[in-house]
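Chains: A, B, C and D, in written order; residue numbering restarts at 1 for each.
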Amino acid sequence: MQTEKPNSLTSQILQSISNASLIPFLAILTAVILGGIIIKIVGGDPFLAYKGLIQGSLGSAKALSETAIWATPYIFAGLAVALAFKGGLFNIGAEGQLAVGAVFSALIGYGLPEWLGYDLPAIIHLPLAIGVGMLMGGIWAGIVGALKAYTGGHEVINTIMMNYIALNTTSFLLNGVMKDPSPNNVIARTPLIAESARISPLFEGLRVHWGFVLALLVAFLIWWLLNKTTLGFEIRTVGLNPDAAQYAGINVKRTIIVTMLLSGMLAGLAGSIEVTGLNYRHELGFSIGYGYDAIAIALLGKSHPLGIVLSSFLFAAMRNGATRMQFLTQLPVDLISMLQALILLFVAADAIVRYIYRIKSKGERVVLTRGWGG
Amino acid sequence: MKKFYFVMALLIVASMILTACGTPAATEAPAATDAPAVTEAPAATEAPAATEAPAEVTQEDCVTEEVFCVGVVTDVGKVNDKSFNQSAWEGALKSQEDGVADLVQFIETADAKDYAKNIGTFGDAGFDVIVTVGFALGEATVAAAATYPDISFIGVDQFQAWEFDEDAANDVANVTGLGFPEDQAGFLVGALAAAMSESHKIGAVCGTDVVPPVWRFGEGYKAGAAYADGLNGTTTEVFVVYHSDVGFDKTFTDPEWGAQTATSMMDQGADAIFGCGGLTGNGAITAAAQAGKYAIGVDADQYLTLPEAAPRMLSSAMKLITPGVADLVAAAKDGSIKPGNFTGLAGYAPYHDLESEVPAEVNAMMEELNAALLDGSVTTNVPPVKP
Amino acid sequence: MSENNIVLEAKGITKQFPGVLASDNVNFDLRKGEIHALLGENGAGKSTLMNLIYGLHRPDKGEIIVNGKTAAIHSPNDSIALGIGMVHQHFMLIPVFTVAENVMLGDETVKRGSLDRNAVAAKINEISKQYGLDVDPNAMVGPLPVGIQQRVEIVKTLYRNAEIVILDEPTAVLTPQEAEDLFRIMHDLTARGVSIIFITHKLKEVLAVADRITVMRAGRVINTVLPSETDSAQLANMMVGRQVILTVNKKDHVAEGEVLKVEGLSVRDQRDLETVHNVSFSVLGGEVLGIAGVQGNGQTELSEALTGLRRPTGGKVTIDGRDLTGKPPRIITQAGLAHIPEDRQRHGLVLSYSVADNMALCDYYHSPFSQRGVIQPKALDENSRKLIKAFDVRTPSPFVNAGKLSGGNQQKVIVARELSRNVKLVIANQPTRGLDVGSIEYIHGEIIKMRDRGVAVLLISAELDEIMALSDRIAVMYQGQIVAVVETKKTTREQLGLWMAGAHVETTQ
Amino acid sequence: MDWRRFGFIALIIIVLFSVVVFIGQVKQPPLLIITSMLATTIAVATPLTLGALSGVFCERAGVVNIGIEGMMLTSAFFGWLGAIYSYHIFGFGNWTSIILGVVFAVITGALMALLHAALSVTFKVDQIIGGTVINILAVGLTGFLNRQLFFGQGSVFGGNVPGSPGVLQTLHIIPLTELFAPICGASEICLRNIQAINRVFDQKPIALAAILLVFISHYILFNTRWGLRTRAVGEHPKAADTVGINVTKMRYANVIIGGMFAGLAGAYFTIESVPSFEPLLTNGRGFISLAAMIFGNWTPIGAWAAALVFGSSQAMLINMQIFRDVIPPQLAFLQESYIVGLTPYILTMFILTGIIGRTTPPAADGVPYEK
């Protein structure tokens, strides 16, 4: 690397603030400014809107608690996508894996005591509910991994197809055998899970629960796994150069499957924790697109677990603060989706951001996906 | 920076185009588009409502006694979903127009986990009435009712399992569920379609049958056709298709599928199509109207909301959420609201342009049936929930 | 020939690439009807200069004069219009197109909106006849032998009425006989007034065919000489900038014990074509067996099959008597194989990993680099520092990304990693391709060291000189078969060239 | 032509049709079922065909396009918006407005494609990420604008969604009925059969255009200068560059052409099929298009054939529902619409395994060109 003479002290400082966080930060800034302009154009008050966003997400203990609740599945799902990215795979199907995880956690949560005929202790029941959900999410993605490894079927299309299959199948189950049989229930949802399968809240009176702490722990665990273990080394090697990985004696096919399996397990965990920690049941709803949000989070966090925790918070704050924003301004919540899309656009096309803010590129391009050839 | 300016310039130009188009439209457009809606449908909203309010009323004023505020919390979905969320919101708007409410506001739910938070946002701000839309909010509504005992809650499509009696322990004194006999509306248009069909084949294209109101519409339609057959001595073949082959998030929002399904039915001889199920149904209605067959709408009088299908709109199976919500809000204000279940109006819409095509005896039959359903002498025999 | 006959002149050409001054005030001229050789090592700036002339890149400074006029060459379109044609080292042919389609691409003949393939075919046939370049216009290019593909490239330039033809390393992929044929074609062309720039790093060829020779080194022109006034040693000296030992120092050595034994091996490539048929040979401990052959005769698939990267479809591979047919790379590596892969950036390295990580690429999973599934950074670090020193890898630190090193040092990282292990067999596939002379000498020395230690070495190379310099025995591969195995001392270049070209021989081992 | 692939496609279609005919024959004559299904198949396949053509042009030029879904959605919105504005605000007539709507949709598709081209060709963003960005942006943009322009106080139409000027009408271009009517004479059945058969060809303009475009695209790609250069750029951009073809320009142009196809597909939803826009109305059809493109081995005719497979599976689903009450008990699983609804997705995954013959993408597909 040739060193270029920095032209001023400011640019020197800018350079020293690690490039890793600079671009995402500027991307967010640009998107927020653009978003403000858009709000103004449509006749809203951007300052009031952003005030609402901040109040609603950070303004009180309750607001913070709700933000953490939103952040929890985002962290898991973001890690899922990021882990796949590290392994050179694009898991666009976190949505479906999440649904599968949620369905199976709910099934264990309400169904197992019923089937056994007696209550289980929480120490067995809760880990079992979470574990099964996680595993099923993993298997759901693992199928795609296996198809990729053995037939070359591209994971992007296959995870999307598996999304549809997951959503159709959960609809089928939740309208059929798993439907809450309580009188007068008309919607597709499972019965409430047993007390023993529920994660307890962190604080009295707030909804934030231990699942959030688990999310932070898992983020650390994934960082450790990727950077400190032989499995992580294998995943990264396959991701960066599958030919070299094969040459180095790594079982590339197995690593692809393991990567998808782990990725799906993380996404499944997102669903499991929503069921066991927050909703205590799984309910069919209109999807808000966790899968796509997770991609944005992974990209924004540069696939680094710490980055993902931070960007999950950002997205969670936006989603959570949207209620207050809407309450104050009556602006549509779609605005949040658009802000997120803009952030993603600027993060993905960092060249635009570099151009606007005159930042030199480091010149190294990270290959995330490899066309259809794989 | 050049590119940045370019982007800015583009945005400014875009904004100018949008506002330029917007300004005249606000004054001119209603004449062209809303004319029928404004005169005939009280449901249609009018822009100036907010400005007519005496003084600037803001959310902060809701805590005071004299300002009457109504908040609407939607189910996962948007207030412009052209379906029950929108109808409920329009009911709130109507109450504002009628001078009942001083301020109406909505919060759209992005995810089921936000139900409680969203209701609480209105509750903490001291709103007087909170309308929650959809069965899924039922439990959150009842829970919030306990937290905010001074606020009246109206739950649209929320059947209250308890019967209100003064001393029962599980009474929730400030929740009223608003429900509708959709099967009766379906029954009426089913009978009408069967009586009007020349090919003796009629169709219905619906959203998913796991949503009970949709199922009741569809089954009511079948029952009505059979009833009319019995009266007229005909045999009518009824195709009822529910869009249950996709995930829940698409079943009501797939107009293309609705249109294709209706077309397929018409290819097989159907000459009257009932579209029941949000936008999916709208697709079917439009396709039927385009093909010159009889189109039958749902929920509101869709002659007014689907102008492109209006010329062939025979009738609509109506479930009047908007007036129902407005009436309950008014009742809440004057204190006459009763906890428990409130049954809103269902019926069939006028024939409008096709009035001349409906024979007198068919019209007579319809009026008779409507009366009979109301007084209970005819029943649809459709259970409230799919068995 | 007089000065007036100059058809092309480059004056003061300078081109800076990030980190490299690829062309430094270069002057060069080409006369009508001559073959002007441009000689230099890999990375000397020959190809850059030609790409500048051809318009693929723009020079930072300097001008190009064609037929006496300053030419503004912004793109290949401009150079084509000026009558310049170029045959690239890596062919610019589209495998799924026919010869005619490839030839007409960019200069299509169109009749009523539709491609006029017949007219193009007719013109190709005409050119073929005129210059003795036999090609079938309707053949798909992909399956054609490289020699023919090269002809297609030449036809492509002639189709565009090129007066100046640039040939970039044209003989690298040819057998000596095919090269002879190419030289004949080149003379035919010059006889018809075409001028040729002939880029190469092979001294013998230059002396044989060039009218003038310009030597480049590190982006600069060193000198322009006539073949009659120079010799190999002088040219090599100019190329490298110091005295070059042109032969490898190799003591006689007794080879014993069969290490690698290959019996009846057959392999299919990714297109499912059998590119290695029924190959049998063996390599003894302490000998270098060279596999000679023109590129694309199955060497790649052979080495992939031997190293576990590809499953053979038939036959048997044993190392030290242990059957390793179709086993995965790790098992074979553990059995004592060191593999220097053909494409170092694709197979040998993870470019965005540090040198330290790359040096443990094949051993990361066991002690001391890993303990119970956890990587031990300290062990990686120590290992890399030791190897960097032992193998003279020029890197600022073990933590620098391998991608930042020069080609020679990248190859040294691989060699260090592979040869530092306790191995019985080395398979080196094109170990010196694209390297500077210093690195080549170093790697040759390391290979011989292994041999002298009693390790079996299988050397696969397209460079016949390299094969002859290093090998004790030579096997010649042609169309997926070993057509001859001989002792190096008992054969000649010419004989090997004949075998490489497919001349039938009775082989006795 | 890849006969094995086409044979397989024909087999699937025949199987799907046979199932429905077998079940439905108690209610309807087989001919009517077949023609009705064919008509539905062609209509349903229209956006898939156009989407797949969009992919073919992009990817033949070496740019992976998984943003078809987003392009379709945006075009559907702006096409519809254009038609409404033309009609209500600029005061054009019904037909002019409808045509303008199609034009708007196509332009929108082109603009979205321009963004994709800028991302992937100029900024060299990972192309699959770029496409994902387009998809996410499309959802946010259309959802927001649909809401902001048509809802609430102060919006353009005062809170009501105005009626659109209508949809494109069915064209009766092959007059089988008229031709055969004299031959049939008084035979009622003959006439009815002819009418049923004629129904297959009575399609709306975009559906007919799509079929025409398939063959035009095929001709362009494989027989013209443009096609040769496009394919060259997608196979080996450097080779194209060395013969003076501007790789950047070719890629931009083809991605934009692809965007226009996606735009036309968008117009199908809101201007040909139904005259209204709904958030997310494309419902993943862009991804199915992508699968059709791959199954069709990146050729227009192949992609069309694959789109017909998906179309016929949709037609089967609709008819299965119509005949739900006469499904024989041994085929009871066909009553579970969720399960039958999985057909296209499972089919897609099956196709991608390559069991039905391998597909080869253009060699440089997805690889940014660096000189």
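Just a few scattered comments:
FYI, contacts are C-beta pairs under 8 Å (C-beta built on N, C-alpha and C of every residue); 3 or more make two chains touch, one makes a residue touch a chain.
This structure is a prediction, so every number in the text was calculated from the model and none was measured.
Among the other chains, the CA centroid farthest from that of chain C is the one of B. For the pair chain B and chain C, the distance between C-alpha centroids works out to 74 Å.
Centroids of chain B and chain D (each the mean of its C-alpha atoms) stand 32 Å apart.
Look at where the CA atoms of chain C average out and do the same for chain D: the two points lie 47 Å apart.
The set of chain A residues touching two or more other chains comprises 38, 42, 164, 168, 171, 175, 330, 332, 334, 352. Across the assembly, chain D contributes residues 143, 147, 151-152, 154, 338, 341 that each touch 2 or more other chains.
Of all possible chain pairings, those that touch are A-B, A-C, A-D, B-D, C-D. Interface residues of chain A, counted against chain C in their complex, comprise 1-2, 228-233, 237, 240-241, 243-251, 363-364, 366. Residues 54, 56-57, 75-77, 80, 86, 88, 91-97, 101-102, 104-108, 110, 113-115, 156 of chain C are the ones that touch chain D when the two sit in their complex. Remark: chain A residues 34, 37-38, 40-42, 66, 69-70, 164, 167-168, 170-171, 175, 183-184, 186-189, 274, 278-279, 283-288, 319-320, 322-324, 326-328, 330, 332-334, 336, 352, 355-356, 358 touch chain B in the complex.
Of all the residues in chain C, the ones that touch chain A in their complex are 18-19, 307, 309, 328-330, 333, 339, 341, 343, 346-353, 357, 361-362, 364-365, 370, 373-375, 403-404. On the side of chain D, the complex with chain C involves touching residues 223-225, 228-229, 231-232, 235-236, 238-246, 363, 371.
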